[in-house]
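Multiple structures follow.
In the two assemblies presented below, chain A is common to both, partnered first by chain B and then by chain C.
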Partner chain A sequence: MTVKGKYLRIALGIVVIGALIIVPMNFNRYGLYILSQWAVMTIAAMGLNLTLGYAGQVSLAQGAFVGIGAYAAAIMTTQGMPLIAALSVAVVLCFAIGWILGYPALRVQHHYLAFVTLAFSTLAFLVFRNEDWLTKGIYGISNIPRPNVMGFATNRPLPFYYFCLGSLGIVSLAMWWLIRSPWGRAFIALRENPVRALSLGIDTRRYTLMAFAIGSALGGVAGTLYAPLTQYIDPVPFNLSLSLDLLMMVIVGGSGFFFGPFLGAMIAVLLPEWLRFTQGYYLMLYAVAVMLLLIYSPTGILGILDRYLAARRTKAASALRAVTKSKLETAS
Partner chain B sequence: MSAVLEVSDIKKSFGGIKAVDGVSFDVQEGEILGLIGPNGCGKSTLFNCILGQLMPTDGEVKVDGKVVTGLRPSELNRLGVSRTFQLLQVFPKLSVRENLILAGQEHQGNMMSRLLGPSDAGLTATADQMIGFFKLDHLATEAAGGLSYGQQKLLDAAMAFMGGPRLVLLDEPAGGVNLTMLGDLKERLTAINREKRATFVVIEHNMEFVMSLCTRVMVMAEGKLLAMGTPAEVRANPAVIEAYLGH
Partner chain C sequence: MKSGIFAALLLVAMSASGAFAQGAPIKLADVAELSGGGATVGNNWKNGIDLAIEEINAKGGLLGRKLEVTHADSQSNPGVARAQVQKALDNEPYVLLGPGYSGSVKVTSPLAAEAGITQIMGGEAAELTQGGNKFLFRTSFGQQSSMPKVAKYVNDELKAKSVAIVWVNNDFGKGGRDVMTKEFAKYNIKVAADISTEAGQADFAADVSKIKAAAPDAVFIYLNEEESARILKELKRQAIAVPLVGETTLVGQKVVELAGDAANGARGHVGLTTDAPVDLVKAFREKFVKKYNYVPDHNGLKGYLAIYMVKATTEKMGKVDAKKFADTLHGLTIKAASEPGILMDVTFDEKGDIDRQGFLVEIVEGKQVVKQVLPKLN
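Now for the complex of A and B:
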């Protein structure tokens, strides 16, 4: 069963990756834009999933880190610097700020922590809007160039989509490694029971700060892709509602599940497009769907799948026990 | 023999209440010291002061001759001091094996090697040994939350030994465990004590368990040390009888 399940999963993975590469080939400009946006938002949501889903630290500032990354990319690439330089700056900057933002989490938790991060989110927005000399304020930064990746220009939508998809692939591999490493286990311990974690020698302070810093750095990575995607940025997309959107992606997809952000970002980015025919009702439908989902499964969509699989495993295990027992009885 | 743990004149008050009021004792290497006393006499507070969970108002704690008062629990743990809690503290969503690996991983390598090294921090074999030792073999891949209470209690105890500790403080290891498993637990603890020379301090209300497991028993009442001696001496001590049975 487990071997079969493993092959099934690998096959499914190949099909999905293949589809993500092949199907968009006939998409129009807009379709590719939406898919690229999905890849970018998935990266940001993965960062938040690490901070919130695995390590259990509430953050309402992920959108601000996307903004920091986007502004780093916009400012540097319009000055003629390569995107990779902007990426390094964004990652280092977001990591450092995320680390500092983690300090309040050592003292306050849950909704109190949410408020601290919310204040930071507002602060970042004000910097984007008011520091004209750096960010050009409400006029925004336009003509953001798209990068050349290993000699390939990504000006056209399809190559740029592949660039985003490739970045998502690299981030996913790194995240997968992190989650299954002892660090991932320590993050879960931090979420489930910090007191016990501490008594097992886990330096909860350092891991909390790390969870914030790495999660924020991924927000920065998403931002560095966002700027060349839209090729124009102003402060508006990076206000609190982006942080809330990202939070919703994580929760709806399944907080603390590896594939949660992929699913959550898909719903948040693609569903509005599919529901476009409902016109003005789309937000209402969307809101109702989210409420119903969270009542039915507070652990998101992957939570439903997880429950189903757990139930099947239990059934299989008890069937096995019953068989063993009856065998023992016939033997005696 | 040398003292693994030296506690001198520990005091802890919460507001006007003196939960622990000047307790001093030593624990020798390889010893199993029982700590008994009526509810609310300050046993768990004393544990928490020794383990860095609470900062004592006054007094000093030494482990292997080194002053450790005020160190954080994680730092103490890495010095070889481990504990279990009165209430169950396993990680319910992780498997039994993962729980044990988690309990030992911070004793392996450094932050970098734990990020870049193998996912199990090289502890699968040690964890499986521990699983075998505590007779949890058939449960290695089960989520800890799905185990029976007694099995979780065994896992909880096993986790305390993953880091190869010198000193283990067990807070009511027998609470709520059925008789068969209690025998198992006692046998396992005695075996670890003998084979690994691990030193124990055990809080417990189950008198039979304490008296048969421990080499020395210490009795607390109202935040103070009331008596200390072999199980037989303590059982015969009139002050102890009075504290337990009332006036």
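Now for the complex of A and C:
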């Protein structure tokens, strides 16, 4: 059963990845743009999933980190530097700022922490808007070039989509490894019971900071892809609503599940587009759909699957128990 | 007999399908700020477009074909605007309308230019038409043409030596402030105070105190309508008596309604306003109010004009030709006498900027009074 399940899962994974590569070949530019956006937002949401879902720290600053990454990419690549250099700067910068922002998390929890990160989010927005000399303020930065990857230009929508998908693949593998490493287990221990984690010798202080820093760095990675995707950035997309959007993606997808951000970003990016045929009502319907989902399953989409699997396991176990019990009874 | 009816039916069906092929609707695509921070801008723009299309279709359409428009919401976000414009362009519209925010125009105009489709937009930032884009057209004055008129007025008529500038910190306000600061420098007018405010700001007491401390000869106010009314009230409360000058928003009807007495004495340049002393504009305003039950701002006018730009250009070409559209519109003068929908005579230059008459107005006892008509340049 388990071996069969494992092969089934691998087969499913291959089908999904294959579909993500092959199906978009026939998409128009709009479809490719939306899919690229999905890949970028998934990366940002994965970062938040690490901070929130695995380490249990509420952050309303993920949008600001996407902004920092985007501005790093926009400023550096318009000066003629390669995107990979911008990526390193964004990751280092976001990691460092995330680490510093993690300090309040050592002192405050839950909604208090949310407020601290909310303040940071507003601060970042003001810096993007008011520091004209660096960010060109409200006018924004235009003509952001798309990178050449190993000699291939990604100016056209399809190559750029593959570039985003490839980046998502790399980030996913790294994340897969991370949450299975001792670090990942420490993060989960931190979420489940910080006192017990501390008593077991986990340095909760360091791991809290680390969860924040790595999550933020992934926000930066998403940002460095966002800038060449839209090829123009101004401060407005990186205000609080992006942070709230990302938070919603994590929660709707299933916070603490590896594939949660993939599904959450799909809902947040694609569902409004599918609902556009309803004209003026699409944002309302989208909001209602999200509310209904969370009422039905507070643990998100993957929570439904999890509940179903758990129920099946319980059923199998109780069936087994019944059989054993009857056997024991006849024996006696 | 039976076969006769059948033949007649066939004939009707054939002629109907023939008419259909000839009169397939002309598809236009609009991408605007229908939700988010720019919702007022986008919805006014959209309603203006719908009104104009309804009128044209009621009169038999354009060259015998109906106009059809799809509206898409950019959520006031440039990233979303880009996606929606891409989607619109994939469907190959005749002309692209919108967006209204300058940032969203910047992100989308290269896409339209690449597709060779003309974009008629609402953005007012000076730089939009300075990048050599051959497919981009304004519906209103860019700030580079309206601000010099205000600066000239402040220098020649008010003879001010120092001014305080109050502006709203978004691309509209900042753009206006930057052009204005340069213009004042040309006349050696000193900027005594440079005050940035937030969109939606409610309390202007601190900002007005700063103006008072700077003691300028005039105050230039460049805010949205609601905020303009609030600052006018505060200026009156703190008894600041120097001339108050603005551009379009400060002397709008909505400001007069909201600020009451405090609006008296405010003056400014108005390019496009429903209060313009032009009969066609007044008639437009009545039609708009009848359909939507509110008085539109200049964005409603812009959307309406965009459609009549399409009509006039197409009639000039004598056919629906997306490729030649931009070429035809460059350098075109549309007269209100022959195309009443354009409301006022207008000329488009090689950059896609417009030339049209403007007005210097002052609020006297709660009414807009036109002090001077600034004629069309060419």
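Side notes on the structure shown:
FYI, the second predicted complex is superposed on the first by the 323 of 332 C-alpha atoms of A that agree within 3 Å, B and C clash if a C-alpha of one lies under 4 Å from a C-alpha of the other, contacts with A are read in each partner's own complex, and residues count from 1 in each chain.
Criterion: a residue touches a chain if its C-beta (ideal position, glycine included) is under 8 Å from a C-beta of that chain, and two chains touch if they have at least 3 such contacts.
Quantities reported herein were computed from a predicted structural model and do not represent experimental measurements.
Once chain A of one complex is fitted onto chain A of the other, the partner contacts of A:Gly140 are limited to chain C, with no touch recorded for chain B.
Contacts of A:Gln279 after superposition on the shared chain: chain C is touched, whereas chain B is not. Once chain A of one complex is fitted onto chain A of the other, the partner contacts of A:Leu209 are absent, as it touches neither chain B nor chain C.
By the document's definition of touching, of the two partners only chain B reaches A:Ser181; chain C does not.
Legend: residue contacts after superposition of the two complexes on their common chain; A:Leu198 is shown touching chain B, with no touch to chain C. By the touch criterion defined above, A:Met249 lies against neither chain B nor chain C after alignment on the C-alpha atoms of chain A.
Greater residue coverage of chain A by touch, when chain B is weighed against chain C, goes to C. In the superposition on chain A, A:Ala55 makes contact with neither chain B nor chain C. Of the two partner chains, neither chain B nor chain C is touched by A:Ala227. Of the two partner chains placed around the shared chain by superposition, chain B is the only one that A:Ala189 touches, whereas chain C remains out of contact.
Chain C contributes residues 34-35, 37, 71-73, 75-79, 82-83, 86-87, 89-90, 103, 106-107, 110, 125, 127, 169-171, 174-175 to its touches with chain A in the complex. Chain A contributes residues 28-30, 33-34, 37, 129-130, 137-140, 142, 226, 229-234, 236-237, 273, 276, 279-280, 282-283 to its touches with chain C in the complex. Contact residues of chain B toward chain A in the complex are 51, 53, 72-74, 77-78, 82-83, 85, 89, 91-94, 98, 101-103, 105-108, 111, 114-117, 119-121, 159, 162-163. Note for the complex: chain A touches chain B at residues 178, 180-183, 185-186, 188-189, 192-193, 195-196, 198-204, 206.
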